[in-house]
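As written, the chains take the letters A, B and C, and residue 1 is the first residue of each chain.
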């Protein structure tokens, strides 16, 4: 009993797609880290590279979509082949969005580098980005190894990323209240943090696809949305008190 | 099928197992999935079929439900056709074949010593791989069954039976004005529909189809598949097919056979997205067969 | 190019080599075809020679010489008791009536002359006259011009087989007879006409009266008996062996024996008939019933073997279709298998019947060689068959028998061809169903 398809071309086509998604994943992981590092290291050139490299990521997504469509049309896949192809389309879409967010961060980095530094934020951002990068690495490993347990673990860790974002949100509010000159920079930084938080959500989505791929069932539990900033009213009350306090 | 043909199939089975380095005892003893249904039309338990001293089917248990379409899939020589032919005792025609186990139609054991196969075969009809209309006229083809079973009250009734059978088989509009033409003069797809009409004419409960579309072109195949869909509201249909896509298209339940055992049975849509057993997965993805 | 290359040859090299081999292959095929054609030509030549010789000898056998003379149908002489019964006619003197008419025609006087004249006309003439008068009594008392067959020696003379030049003592006809013949011929009274004797006459020692009618009827009766016995039994046996009998040792032994019986010399069946039917059961010899039974035994293996082949040739898909719709085994056999196998069965029967028609040896053994004058009226009347009649005629010395033998052979061949044609038509009608 072998796990190679009898029709070797079919097997090659599936292997090609798997290779491409791994490659895309690797490029996206790099983009995540590089984008936040470029801010931390104040490296404009790195930011440019991230910006430019996004084109490759986009192209890969297109290729993966096209090839998946082709294999579905020509090979009438069933069972795990079918699940692989259905999920790979979604996963590549998720990866492409993550890549876009990285590009966005790189763009804002270019702008931020012209402005005054905000202490601590770049480091926090980088830590958050690293967290997401590790999650993505695990999600992709779980995908290739068809590891349901690992995928579920990744889904659980999204909560941590959300918590980090919440913390950063409060921090930025504080900075902006301390010194209005920080507002522009903080706005940019906030968008970056938001982007990284969204990246985390997409990684979670990838992990959910892995669960479907391995079990054939979508995960039932609602994703724990720990990002409370859009719903928590206490945070928004912070502003007027602080401004009054300036005196 | 002649004895030599059967022997060839058996030899191929052994060779396939050898090539795949499978020990036949490695196969699962228990079928994965739910073999039973509510209010089954036919039930089979621990069916075993031997040709001489070669085992063709071992320990197969399965229910056939009312008004459902169930397909049997599996590689060549896996026993799906053999099992199909047990259901209407067509295996009786092969001298060296011995069938053991319990097969019941509406609760009655069809292999009981006092059972007459003739009425059984009127209740469990069969359509074969290569269309085989009688060398008679179209009318006589369909009328033969009702005639010998005495189903019609008079000639007029017989004509009505023939017409209705041809209508249900989707053939009436094409042949109503030439019922005296020879049945063998029709196209392949029409001949197969004629054979289906012939089976319907004796008012069966179950229709067995042994790769009915394998000799037909895609359009004719699509017609037959549409027909199967329409017929399934009245009859239970058991279809043996080599085409996974056909099994996926027409059947509600699918049973996967391998080397004489029933490996897995389940709802078709579930089975084709996530089969329970690894062997089923490997077969339907084309990794092994 | 590496000539030591093993394995599949490249297409280019293959093309070259195939082209190179074509000349030799074509030559071999042409030679073979030439051989075949010349074989056919030789066979055809022999066939033509055979047919030409048969027809050359046989066609004249369909004709014979008659003489037309005016006959006084004298009532008292022919019908002494006057009641026109057969008894009376046979008691009468038809021969005398004919002779007197002949003497009158030729102006014959004197006993030796009268004897010569009397030998001119066949002995069958008197039977003709009796029959004529019996059928149509109104001819009594009239004078009619009647046609009578000439004696076979006269016939042979007229054909040129007995020559004038031969010395009289070596001839079968004397000079006086020749003189009379010449005179009759000069008066145009000698007619060369179609021989009704050949067709309607029966066995006779007189060649001019001999005919195949009795043998013909005997053949028909014998073949009918043969067909009525062999066909149903043969077909039923074939069905039983193919469809119903279990495939075990006993069936195998039966099969082997039937196949071997087809090769048994036919004379053995005659001996069997002689020993069993005539010896043990004490049935009369020489009757078409026994002949038919013997021929049936001989034909059965042929019919069984070809019927079995025909049944086997019916595709199993038809059987499966019938069984699948709920037909019982008997219904499958009778409604589907037999109609499809019928053309093949009929072919086997035709072959068997054609063989039986030409069989001589077994019928000789059961005594159908006896000299039977009367036409057999039923299967229990003594009779003979055409081939045996031919066999007997071939033995006789008279010259006229040679022609009649060849003519009878032609009739036998015609009978065969008609039988075959009829059977082929029947078979074609049944084959139309396919």
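The rule we apply is simple: contacts are C-beta pairs under 8 Å (C-beta built on N, C-alpha and C of every residue); 3 or more make two chains touch, one makes a residue touch a chain.
On a predicted model such as this, the values are computed, not experimentally measured, just so you know.
Taken together, the touching pairs link the chains end to end in a line with two free ends. Ranking every chain by how far its Cα centroid lies from the centroid of subunit B, the top place goes to C.
Relative to the centroid of every protein C-alpha atom shown, the closest chain centre, again from C-alpha atoms, is found for B.
Centroids of subunit A and subunit B (each the mean of its C-alpha atoms) stand 53 Å apart. Centroids built from CA atoms put subunit C at 58 Å from subunit B. One inter-chain figure worth recording: subunit A and subunit C are separated by 105 Å, centre to centre, where each centre is the mean of the chain's CA atoms.
The set of subunit A residues touching two or more other chains is empty.
Residue ranges of subunit B in contact with subunit A, taken from their complex: 20, 22, 244-245, 248, 270, 272-275, 279-282, 284-289. Residues of subunit C touching subunit B in their complex: 246-247, 315-328, 331, 335-336, 339-340, 433-434.
Interface residues of subunit A facing subunit B in the complex, by the touch rule stated above, are 1-7, 10, 76-83, 215-217.
In the complex of the two chains, the subunit B residues touching subunit C come out as 1-2, 88, 90, 93, 95, 118-122, 125-128, 130, 132-136, 144-145, 148-149, 182, 184, 195, 198-199, 202.
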